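Next up, some structures in structure tokens.
There are two complexes below, and they share subunit A, which is joined by subunit B in the first and by subunit C in the second.
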Partner chain A sequence: MADVGGDMAEKELEKPTYGFWIWAMASVILRLFFIFYFPENFKLSSRPEVSTPLTSVRRLAEGYWLKQSSMSPYAGSMYHGSPLLLSVLGPLTSQWIEGQSSHHLCSLVFVFADILSALLLRAIGQKLQKTYSMNLKRLGVLRSSGDRGILPCGDIAALVYLWNPYTILSCVGLSTSPIENLAVIVSLYGAVTRRVPLAAFGLITATHLSLYPASLAIPLILLLGYGLDAHPLKNFLHTRDRGVETGSTSDVSKQDKLTRTTQLPFLWRTVLHFVFWVLVLSICVLVLCSLSLKQYGGLEEMFKRTYSFILNIEDLSPNIGVFWYFFAEAFESSRNYLLIVFNLYILLTSLPPLAFRFKHRPCFLAFAYLVMSSIIKSYPSGGDAALYLSLWALFVNELSDMNNLFFILCGHIGVSLLSPVVHNIWIWRGTGNANFYYGNAMGYVCFQFMFVEESVNAMLDHDKALEKATGKMTKN
Partner chain B sequence: MATEKRDKEEEEVKTDDGSLKIKPRPIVQLGIFLVAHSPVFSVVFSAAGVLALLILPLLAKNTYISENALMPGSARSMLSNRDVSDGSKLVKDIKNYRLNHEGQVQKLIGKYMSEMGAEVYYQKFHPEGNQFHPLHFFSGPDSYTLLDNVSCASYGVNVAGIIRAPRGDGKESIVLVTPYDFINGGDYEALSLGITGTLFSLLARVTWLSKDIIWLVADSRYGDYRPVAAWLTEYHSPSFKDSDLLKCGELNTADKFRRAGTMAAALVLKVDGRSERFEDTLSIYAEASNGQMPNLDLINVVNYLAVHRQGFYVKVEKVVSLLSSSWLKIIGEIFEAVGKLAHTLNPDWNFGIPTADYLEGSATLASSLYSQALGIPTGPHGAFRDYQVDAITLKVSPRFPPDSKTRQHDFFLRGAKLLEGTIRSVNNLLEKFHQSFFLYLLTSPSKFISVGVYMIAFALLVASLPMVAASLYIDGCKALNNSTLNPAGNFKSWKWLDAAKQVFALHLFGLIVTLLPYFICQVPGQHSPSNRSIMWGTTSSSLLLITFATIPGCSPFSSRRHGTNWAVLKSVTISAAFIGLCLMSIINFATAEIGALLLVPTCLIVQPIKPALRSRRIKSLLGAFCSMVLLTIGFPVMLFAISKGLFGEGLVGLSLGGEFWTWLESLWAWKSATYLYIGMVHLPCWLLCLCILFHPS
Partner chain C sequence: MACLVRSWIPLLFLQSFLVAIAFGSNEGEEFSEELLLKPLPDRKVLAHFHFENRAPPSNSHGRNHHLFPKAISQLVQKFRVKEMELSFTQGRWNHEHWGGFDPLSSMNAKPVGVELWAVFDVPQSQVDISWKNLTHALSGLFCASINFLESSTSYAAPTWGFGTNSDKLRYGSLPREAVCTENLTPWLKLLPCRDKDGISALMNRPSVYRGFYHSQRLHLSTVESGQEGLGSGIVLEQTLTVVIQPETTSVETNMQPSWSLSSLFGRKVVGSCVLAKSSNVYLQLEGRLGHESKNVDTEIEAHKLWMNSDFDLSLKPDRVIRESSSLLFIFDIDKSSDSEPFDLGLTWKLPSKWSCEQAPLHASRFLMGSGNERGAIAILLKATESQEKLSGRNLTTDGRCTIKANIFQIFPWYIKVYYHTLQIFVDQQQKTDSEVLKKINVSPSTDKVSSGMLEMMLELPCEVKSAAISIEYDKGFLHIDEYPPDANQGFDIPSALISFPSHHASLDFQEELSKSPLLSSFKEKSLVRSYTEVLLVPLTTPDFSMPYNVITITCTIFALYFGSLLNVLRRRIGEEERFLKSQGKKRGGLKQLLSRLTAKIRGRPIEAPSSESPAAESSFLSSKLIFKIILVAGAAAAWQYFSTDK
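And now, the complex of A and B:
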């Protein structure tokens, strides 16, 4: 389903000016239609695929209510999100539009967040596309500037984001993941357009809201330090062609081919600037949080109820991840050990190797990190898939030769449809049990792994193919 | 899961084809082998799937009581003649009351219950009309919606009495339901009140009860199911607003709705008609909505007690027309001969059964499959299954006319003893039923086929789908590589995109067609079913034309340049059908099995008809003919007409559209997932097969 948006986008290749806006408007209208006319007995907002303990607006409304009646919003283990989000979204949950009985104002905010994310994605995509074609031209692979081989990846990514069923469901289903996604996309946009404070702001907001985007600090630093995604050969050719690389005005001396990758210019000043902003903003956020929670235990309470809740996997209600089942089964004595192992596993096995391999492609690295964190998150939801699928669409040009795409797509569709069925069998009909649902969750994780693995392989192949092509060129 | 895994292997193979450098693992090699010879294997697998289905009656096992705590028949019955005379008196009173008075028989029953020492209350309910809720399958039992302006013209009154268990803590209960039409109930129906009254008289004074007993006399003026469903809804989701119904009628029902904890099991008792056999007959109905069954142990207990203690003749539904079908008889004889042969070869092989048993088993199995596939509950017990309560309907047909007094005493005694034994067994339970099977098919009251066995038939049928899809995908990609028309030359992995677009568009169309009846029902004015079906038909076909016109390459009649490669299209279609069938097999196995029997051969055999006609070879013409026939049968309306003809319900006439509409209406009113399957899996796949058939290649 995810790629259906892609289909539509591709169809619009011929007339990119109107097509994008028409489809974007259509997606907004669809969302509004769903918000106001969706049958309520589906209870989308309480489905585990849509909202998790962290992202549920129902819980947020509860927290706001508690706070209004001067109790700690975290009392009773209902709300686990950020206190700042509570202050921003909370008032909206209690204000009802005439005649409507649910949180429609919140939904409208989410629709707006989705549109904004899509527009930012489009801007990122346009930038990436420009760099891509420039790089290809410089490498000599691309002959004419008007070559039609390059797809408008910005438009495609934005439409994939807007038309992805996961996005639509999490937007309509009262989950805060559109806001979290927006924060991540803002940070990427800031880094791509080299607006350092914006990037730092996005990173801090995303981390504050859901902790896992903290891993994005590495791609962001790489992005600011090395510039946009490019082929590792770029500097070698860059010096030959005397071209101006996007943002990186380096003065690298002519290097031998063997050592060139180690000699990428790294813009320390920009990065330090970024780190400075990150520090300033995080202090700001902490101060604001402590102010808003002054009477209710302060920062310590917040850390305990949000980040520790995430890392300790305290809520074992079923979700589409793999941890709830495991920790429901695990013995209490080994719980701490397993927690450490799992959390370290994420840190050690996925982050550093990918960072070394893809330091020349920081945006792709961000995509890979987001998939990894969506796989091994403690409370994943469909909204995470929405984010990484649209980031994936930014690289349609590079990943055009991806293997097994059809199979992965079929698997994703099958698993996504199976999930509510198995949940129903377990919870309502009693003929299935938890193993059914957990099996489905494992299937989902497998398909996500296959997806990221094939993407990474395709990207490496693409680099290799480019190298081969340029190798031929230089020989000629 | 196994097929999915195989699918995965094949997909791996698919992409590696041609450029294998390292020697693949054995399982991958197996995958390559299967895909390379997919025509042979698909025929073999499909044939094996059909054969496995036919063999099922042979593989049926005898039922056994799995839960030790049940201990049916181990306690001595405590029913006395006093209880029976209480019951008889109740029946007599009801008869007299109805002869002399107009109106509330409920009061009389309520009085009887409270004399026995039970807590009695009356519940008024409003029989709601047919509503379109096909998607309710995903939303769980709906909360009670209060109708604000209900009229007093039509409402029913249920009576319920609760005996509190002397040894219980009031947290568990057993429910007895006797549907009774208070206005025009016949004499036979009153007998069911007599049996339960007898039992109630006993239960009110026994000391061994540890679960409360609820006796619900459901007002069956508006059907058996509605009153029970209304009572259950109020039981489980209380409403805190006073309903307008309370003011209706003379009966004051303002007293509290009483509850008695979670329900361990429910028994619905009905007495109807005279038995055709020498013994009293007991028919067991178990199918709830969407092919859900109660735990097999409940049926076992009832069956055991009825057969071995009370001497009833127990039967389950069967398709009678199959018993006399000659082809099934021939198959049965073949199986019998094979079984005998095997027995002579090795005395341990005892799988052969006599032809008569085979026929009987097949007829019962067919009925079991049919009623599960339809997804409509076969009695009031279906309402309980929505709340995860195991329930069955027992329909007793006595062998005497209803006014014979002497026989009636014996009948009440035996009926009440059967119920007493069952309740005693359920009373022993410490947990809810979980030991035995929930997923099974019955071939006789004492024989069943478990999910592990009957799944094989389905798995074999659909196993060929991913294989053929993979092989077609490879072929199609090769063909696309050779053709110069390919617009996106460098997009190796995107060749399926056009086909996927078409498949997606048609599935979207299927979804819209599925939801259309909701809007058609909203059209103001009274319309006959045939009018509504005509409306539906015209809107859907115009929608289809719009789909074909707006999306290039979607229509089978579009120009060649836009058209996709048919092999890729078929591959994507088969993948969609595979996903749909696998999903359906989890929701409702019987629907998926019957659907696979239709859809799998169609999907496998369909090929463009133009090259076949051009080549004029017998083989290809035969293939084209077969696919034409299968596609004709596969059209849902046609299928409906044929099944009507098969069940001998008269010839198909002009009213077919109306009948089809009524049938579908019953499906969605009962929240059957079969309706969704027909609209969202079967119809789109059928249309896609049609597109492939008329593909301009």
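And now, the complex of A and C:
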């Protein structure tokens, strides 16, 4: 019966895929249209919403130029990215150097990265959706698998990713964040489909590119250890009781199997396998970096110019976060203290509690971590928002009764629209001052906080509701 | 009276003795003072004071100098300076009208503010330390903020773009330094006669600082003696270049104004500085050769040179020297005295026009773009009229005629230059780097650590009309403390230096000259240089009054939201309900107990229960209090014990 249900679900899924492909193609065409039709008309590549000191391709081109003229790519405090990305993307920017506006190649790479991320997101979403409906069935909440209530979250997430204006802007506006996002999504995909080396590869690449995804190690380990997002274990225990009570023979064996698997919850071998791969790949990356930077100071220089640059918030140029202004205004004497507070304290107080609370939902935990890192990032950009919004869309089923969603989305849109205006007033016209832009950034941070808080709240409520429902059923 | 005379005699003896020593023993130590006057085509007059002080090589270390300023020799000894130049300038040299291809302009047209460069004779690792110490010493010596050049963000080490090839060269400039009389006074102090006597007496402050351009320069170089055991000699060259507009009464606008020393400076020369070996005044008239015959043999014709239909000189020159395109009148001021002061005057009788020789390319620099986010710097090189004359001189091996131009530019770190955006346009057509760029050396800036430097050598075809170089930059955002007090005025980018390595300026006098230091320095070939304008870049400022607000608002919001997030995470709905229920039960029990108590005590006074519970509480509190007191006392006792033990 379950198999038949699965087939039906697949059939159900196949129907919207047609629509999905149309929409996906449309988004790609839109990107290509922007890239080829408006080559340099809008100076998107220097917008603070699009490119940060870490993700700007213009800086990458400068680093590549310095490297080509046998200087360290990190000389000049321009480039702060990975030396490997420089070797990959650098040659694509070199034609740019000749004075021609042939940044198309680079843009095409980013479009390709976006498509790949969307497809992987879709695969993740389909997997999540399957487990969701299976779990509901097991809990007995959902009677038939062909329930209309379950949305195809994979398609939705992929389309949200492809059609998010932030994604389109950072793809068209020459920022390397599509590649960073791709690495994060690859790691999630690897963990969801239990391809351990792929997950380790994604994690290492993402960490190497922008440091903050290192926090994703926790959700990935949980994902590999406990399996996909499920409901709290005690729900299954409830259902086992129910199964014993009802005494239907065919179900009992199944439920027993289930409880057995839930009773040995943590797959240590897979996790050790993952850790092993992480170590191997990180050593590979370090060796490659040290080879590419051999004559320019080696790894020490790389760590100083990339990770230390990220953690010390050295560049105070405006971005959509608040730390540039905070550290431009904060007193020099207390700078180290404040750096410790914002880097360490927030990590310690926000990441472990989330991990404890969402052990059973590693994908959602990854989403929460990505929002948190987008808030506390030293150089956030629109690309981060694109990533977490699409991950959020993976949980449309669970988060359908989220509070204040309309208000928060309106806030996001309002802040995004206001940000260029305020930036223009401050930087270009000189009629406003820095506080305008800072206030806008503060608003953005508030809305992000509210977003993650309400999501967490809704997810907890959802779990609670399921628990209640199963509890009622067991009582009945 | 007699005793007065008697007391005078030894003094006189002593004085003559001292003078004898001064003149007898300083056989190598020479001081000379010179003044060059030159009418300029745009109705202004250039006065160039030149003082040269030579100290010969000596073997004794702490030697007493007679004429040479001790401060400078100590400076040279202490920091082992091989060559150094310091200039204070106000105003901009007008290359079109005041000349760009003569030694005077290539040596004395300096960038606005303070410019300092020095070559050291120390190991490579100590050059930066020596530079820092030197800036501080000079800062004290000249009452200027030269010590700001100490920071590594403000100086650079040019390799070849500056014209002096040395890896021990450091160059720095402060475009915003205000130059005024407090810088001139210490500079004058280095002269043996200060401004009391001789030519320097002309330096009347109001007239010097009223000028369109003034640049005081101090150049010192050490001369290796070549002999073993002897140290090195020092040549100290001090120049002051002033461009003044003579006050004119004539209504004719095309008539050059007539002037005299007293009308220019408000003072006259009343005799030379007695310590000077030579004191001469020169008057250079450009473009006069067309009028005169080539050979001046007779006295009458020589007389014609300085008193003719065009102009009159108020004094008879001692000598007249010809240069390829100009005449040089030499006056010796030794003869002048109090009764007969030296007051050279020039009276024009007929309107006269001439032009100055110009550098092959005229350089100007400007900013492009608007807004406070990014921009571009462009350097425009425009061909001048003199270029046709000069072309053909520099033929490359493949027979093409080219002009070489070196560009040397320092970028402060807050101008974040994208070197890959360097574009070169020749005659409005974009050229690839390989076509015109012969050499390039880039040392990029590091944020808050070092300034960036760009040196490049362009090889342009001779028939070029204009060449432009543009490079894009992003504006940096500084910490609130890094802004100067007048942050909204903007930041200065130091002048770029354009030099033409294949062109050398010199005056080739047709006759052999006496050992006049000024004229011999003019005779030497000097690199043709021109400095561009200083650029003013406005940078975005944060709100300077906000630090407390920003810190408190940011921290509050972060604390608030993290708190609420933790609260959400902590909340468990079911458990909460259970907790509330149990709480309710407990409270109910308490209430029952209380009501029972009140029922029991109803007959008694009402204060009893209220007095009972506080008493219990207070006893509980007191036990806690006693524990605390014991703890503190214990700690105090322990501390007391250990502190007394020591």
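As a convention for this text, the second predicted complex is superposed on the first by the 421 of 476 C-alpha atoms of A that agree within 3 Å, B and C clash if a C-alpha of one lies under 4 Å from a C-alpha of the other, contacts with A are read in each partner's own complex, and residues count from 1 in each chain.
Going forward, a residue touches a chain if its C-beta (ideal position, glycine included) is under 8 Å from a C-beta of that chain, and two chains touch if they have at least 3 such contacts.
Only a predicted model underlies this, so the values are computations on that prediction, with no experimental measurement involved.
Asks: Considering only touches as defined above, state whether A:128 meets subunit B (first), subunit C (second), both or neither.
Replies: The answer is neither, since A:128 touches no partner chain.
Asks: Who does A:217 touch here: subunit B (first), subunit C (second), both, or neither?
Replies: In the superposition, A:217 contacts neither subunit B nor subunit C.
Asks: Quick check for you: in the superposed arrangement, does A:405 touch first (subunit B), second (subunit C), both or neither?
Replies: So A:405 only meets subunit B here.
Asks: Look at A:413 in the shared chain and tell me whether it touches subunit B only, subunit C only, both, or neither; answer first, second, both or neither.
Replies: First partner only, subunit B.
Asks: Which touches a greater number of subunit A residues, subunit B or subunit C?
Replies: Larger number of subunit A residues touched: C.
Asks: Thinking of the overlay built on chain A, is A:453 touched by subunit B (first), by subunit C (second), by both, or by neither?
Replies: second
Asks: Could you tell me if A:428 is touching subunit B, subunit C, both of them or neither one (first, second, both, neither)?
Replies: A:428 sits against subunit B and subunit C alike.
Asks: Does the superposition put A:314 against subunit B (first), subunit C (second), both, or neither?
Replies: Touch partner of A:314: subunit C, not subunit B.
Asks: Of the two partner chains, subunit B (first) and subunit C (second), which one does A:86 touch, if any: first, second, both, or neither?
Replies: After superposition on chain A, A:86 lies in contact with neither partner.
Asks: For A:329, is the partner it touches subunit B (first), subunit C (second), both, or none of the two (neither)?
Replies: second
Asks: Just to be sure I follow: which residues of subunit A are touched by subunit B in one complex and then by subunit C in the other one?
Replies: 427-428, 430
Asks: Which of the residues in subunit A end up touching subunit B in this complex?
Replies: Listed in rising order, the residues are 1, 3-4, 6-7, 10-11, 39, 41-43, 149, 400-407, 409-410, 413-414, 417-418, 420-422, 424-425, 427-431, 439, 443.
Asks: Can you list the residues on subunit A that touch subunit C in the complex?
Replies: Within the complex, subunit A contacts subunit C at residues 46, 58, 61-62, 64-66, 69, 71, 75-78, 96-99, 314-318, 322, 324-332, 342, 346, 349-350, 353-354, 356-357, 426-428, 430, 433-435, 438, 442, 445-446, 449-450, 452-453, 456-457, 460-461, 464, 467-468.
Asks: Could you pull out which subunit C residues touch subunit A in their complex?
Replies: Of all residues in subunit C, those touching subunit A are 370-374, 413, 416-420, 423, 430, 432, 440, 442-448, 452, 474, 476-481, 540-543, 546-547, 550-551, 553-554, 557-558, 561-562, 564-566, 568-574.
Asks: Tell me, which parts of subunit B touch subunit A in their complex?
Replies: Interface residues on the subunit B side: 1, 4, 7-8, 11-12, 14-15, 135-143, 292, 385-386, 388, 438-439, 473, 490-494, 496-497, 500-501, 504, 572, 575, 579, 582-583, 586-587.
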